[in-house]
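Note that the chains are named A, B, C and D in the order they appear, and that numbering of residues resets to 1 at the start of each chain.
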Amino acid sequence: MSEILHLQSVSRRFGGLQALRDVSLTVNKGEVIGLIGPNGAGKTTLVNVVTGVTPATAGTVKFDGQDITRVKTYRSARLGLSRTFQIVQPFAQFSALDNVAAAALFSQPGEGLKAAREEARRHLAFVGLEAQSGQQAATLTLAMRKRLELAKALAMRPKLLFLDEVNAGLNSAEVERATELIHQLAADGITIVMIEHLMKVVLNVCSRIVVLHNGQLIADGQPRDVMTNPAVIEAYLGQQYAQRIGAHG
Amino acid sequence: MTRANLILLALIACIAALPLFGEAYTLRLGTIACMYAIMALSWNVVGGFAGYPSFATAAFFGLGAYIGGVLLARGMPLTMAIPIAGIGSFLVAALLGAALLRLRGHYFAIASLSLIEVFRELVNNATDLTGGGMGLNIPLAASAGVMADATFFFYLMWGVLLVTAVMVIAVSMSKLGFGLSCIMQNETAANMVGLNTTLYKSVAFGLSACFVGAAGGVYAAWVHYIDPSDVFDILYSVKPIVMALIGGLGSPLGVTIGAFVYLGLEEVVWRNYIQIHSGVLGVLIVLLLLFLPHGLTSLRGWRLWGRAKNV
Amino acid sequence: MVDPLAADTSIVELKGLRAGYGEIQVLWGIDLAVRKGEITALIGSNGAGKTTLMRALSGLIPVQSGAYLCEGEDISKATAATILSRGIVHVPEGRRLFGAMSVEDNLLMGAYSRQVSSSELKRDLDRVYTTFPKLFERRNQASATLSGGEQQMCAIGRGLMSAPKLLMVDELSLGLSPLLVEQLVAALRTLNAEGMSILLVEQDVITALDLCDTAFVMDMGRIVRSGSGQDLLADPIIGEAYLGVLK
Amino acid sequence: MLAAQILINALVLGCLYACIAIGFSLVWGVLNVINLIHGSFIVLGAYLAWGLYQGLHISPWYSLAVAAPLFFVFGYVIQRLILNRVITAPVLVTLTLTFGLDLILNNAMIYYFKADYRKLTLTPPMGSVSIFDVVVPVDRLIATVAALALTFVLYLILRRLRVGRAIVAVRLDRDAAVLMGVNVNSIYAIAFGLGAALAGCAGVLMALIFPISPLTSTAYLGKAFVVCVLGGLGSVSGALAGGILLALIEGVGSAMIGPAHATTLSFVLLIVFLILRPQGLLGRKGFE
């Protein structure tokens, strides 16, 4: 497998707070990685560092062989790095269609608005929002906005896709549907790194799990190994949860 | 092209007929109307489309006036001096924009406001070039009589307005306008979809300065004499905002109508309350913001304008 | 559904409460009762409306319709200050400490709206310091410089300074290590044993259900289940939907 | 001795600048409103001192006691009746509104007092003293001490009084303050009133030193801007640091490149500072 993303000793500080500490991580093409850890462990910061929103204070980030540590967000987006936001970030006054069209339009230089809208329609169909394409983004339900976020990310023709809590706030049926979409994307060859709290989804979808705790990487490996790793149980899952997995699994 | 934009062009075309009814006063008013509309439309690019509260209009109006004025005073023909004033303003604004537009909200507002101060002081101190606080005399372009001059400068200002309107309409229909709208709604997301926000904002800032600068150049030639406190007047920054607020932010037709309505109010106030005109202007601003938060469009809610056009 | 005797035994009761932000409605008719002297837990996934419910209860957002009763009296139109004066105290999600103020100043802000003598204030302060000795050590330190767990202690302490009858804690365990959570849980148990009613919103469902007497499960802005903590822990549907337990 | 001269002048002037800026900073920090009337408030305060001295022979030191409550009420009412209605609106609206209010007040002053410059001259004059061979007029020195005292009074109000703690709390976290039972609307009005009172008192002190005219209001406002940006928003210590820094920059700038460029320099610095270090020199939140 060839690597697509490589983090070397990445750290990020916010004033006195060390949000990421010496994180090294390699993501290979075609993998689906689950990034887990307690709230405040630095998962979203990690995504922000890679996408250039808050650049690393130390260490290097390489994407597709290119050093992108100091590259601006819009550039890394054009290189094929896209993400969804934990707190959805729609263009609130635009229609769903124009939201996705914006993503297609600006991530591919040279694209025209008309072609971008055509393409957007396809992505909306893929996430099941065709019927809402003319609706203003602010008026969509949370579940729909989450899917809109996904459609936007896809319209950027990503090589690597970060999904930041796409299932948060969704009910079971919606989660199932989102999981199906992720499976489909993985089958299409998109490399995915997902931050997720629902262990059911993580274990169902991911081929590898990475655990962050207090800004440090404490485990990285096969799902079953990680779930039985004592450090992970201590920091994240808790004894009771581990017992339950033991009992059920 | 949307209906509102077509109406805007039609409106501007109608104004061109003004000299037919012209006396000197009408022409003077018409020239100022065009100048105000240029300012309001230009401000709308950065303030309405991109959502950045710019108070820099006066800075670029003054800059353009001085670029134009100095060149004219050195004997350059009008046909070259005005475009240079516009292009010069565009370049200065675009460069400054790259730095200033990293700021948001209050901080951007203050920074743009201080540009006026900085430019004025620079002009004040470059006495050799600009005449400093003594002001700058600009030779008459072509003295063919009072009326002919008035008509000439009216059409010159009108021409700049037409170009400005075409620019603004073109922006609103282009990828640039779409991008600015993205920036206004959610800049983080705009960056994340691969939009070079710094570039877009700088271009928008440049465009908002370009035609204001050109108008400044025309103004300098028109009035033959400028001094720093006259052209770098903070009111030139606030007026376009008030016009845009009257007409409704973001709509080119709205802000143009806002400019005309504002000028009408200003004329009435000037004539009747010369001593307290700026105070009355202040009252107008306060009343507008408190009672018509969405400009004239708020009136539709009162059913007074039930069948009025959708501005 | 609602116990006719609830007015006597419940400190807070909601009947068909609706609330939201501007045009967006989040809560679609909430019925629940928080009984005096009990620990009540509110669980549910992210975005189910738990925090919105808390904000409505403390008056940060207006109640759009429905009844909000405190000890039998309708306070659905009351301001945040009035609600606070009834002893309903909200420890918000994310702690929301006044970062530049010292720990002690934060605690004193908790007593802002109480008209009490300084000796009484001193006594309450001492009580908080007894409950959380860590805070005493750090009383002159700016609260922004505290660790996550200490911040949560400070936030709860600030809540205690408002003399609560009902203490509402939103996301007790957020971002804290299991050990710290255990300490905080122990502190809440003690407060409850001393007679304080507690309403707890919690992401960590197992902790919440273990701790509480009664629990309500929220989903999509509605209460979808309720019962004792132990019953809900054993409920297989809850297990699957909210605990993420593997089949 | 030039260095000592510049330094002492900067300290004296810096305290006055801090006093000019402190009310502006308070309003900006607590209400998140840039109060463009601030400059005219200061000028109005100066006229008050001038009028009381010329008309009733009341010494400016006593005028402070008149100005503070008067301006407090003035500010309180303006906030309650006008500003509060748009307090949640975007920057553009609040800024334009305070600009409109400033036009009204400034025009009223021009109408009544005319635009010419007046001077409040104490009789008999207070003379001057020399500190380390640097000559400083006594009235200016006393004004400086008074300015420092006013700044300190605000610090005490915010630090010791219940209402002061509430103001700080609202500034730090509005929602959390509501949860403590703070009535935010009333705190906004009080903070605006305090801002106005500080401006009025600053004006009284300015009357002792500078000529009085409605035309000077923008200069005061400009100083307030620069001080806030240099020192960081919303702290007493930040305003002091910003004030002294600004005075120092102006002093050194005047000495090196001539007084004509000093203002330009400070505004250029303002823009540079805004871009590089928007949190200001001290970069701390709150009024601690």
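Keep this in mind: a residue touches a chain if its C-beta (ideal position, glycine included) is under 8 Å from a C-beta of that chain, and two chains touch if they have at least 3 such contacts.
Everything numeric here is computed off the predicted structure, so don't read it as measured data.
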Legend entry - Neighbouring chains shared between chain A and chain B, ordered by label: none
Inset, instruction - With centres defined as the mean of C-alpha atoms, identify the chain lying farthest from chain C. - result: B
Inset, instruction - State, to the nearest whole Å, the distance from the C-alpha centre of chain B to the C-alpha centre of chain C. - result: 54
Inset, instruction - Just give me the whole-number Å value for how far the CA centre of chain A lies from that of chain C. - result: 32
Inset, instruction - Mind checking the centre-to-centre distance between chain C and chain D? Centres are C-alpha means, answer in whole Å. - result: 43
Inset, instruction - Would you identify the shape of the chain contact graph, picking one of line, ring, star, complete or other? - result: ring
Inset, instruction - Give the pairs of chains that touch; include all such pairs. - result: A-B, A-C, B-D, C-D
Inset, instruction - Could you pull out which chain B residues touch chain D in their complex? - result: 47, 53, 55, 99-100, 102-103, 105-107, 109-111, 113-115, 117-118, 121-122, 124-125, 234, 238, 241-242, 245, 275-279, 281-286, 289-290, 293
Inset, instruction - In the complex, go through chain A and note every residue touching chain C. - result: 16, 38-41, 142, 165, 168-172, 197-200, 203, 234-235, 238, 240-241, 244-245, 248-249
Inset, instruction - Within their complex, state which residues of chain A touch chain B. - result: 51, 53, 72-75, 77-78, 82-83, 85, 89-94, 98, 102-103, 105-108, 112-113, 152, 155-156
Inset, instruction - In the complex, go through chain B and note every residue touching chain A. - result: 175, 178-179, 181-182, 185-186, 188-197
Legend entry - Residue ranges of chain D in contact with chain B within the complex: 28, 32, 34, 82, 85-86, 89-93, 95-97, 99-108, 111, 218, 222, 225, 229, 260-261, 263-264, 267-268, 270-271, 274-275, 278
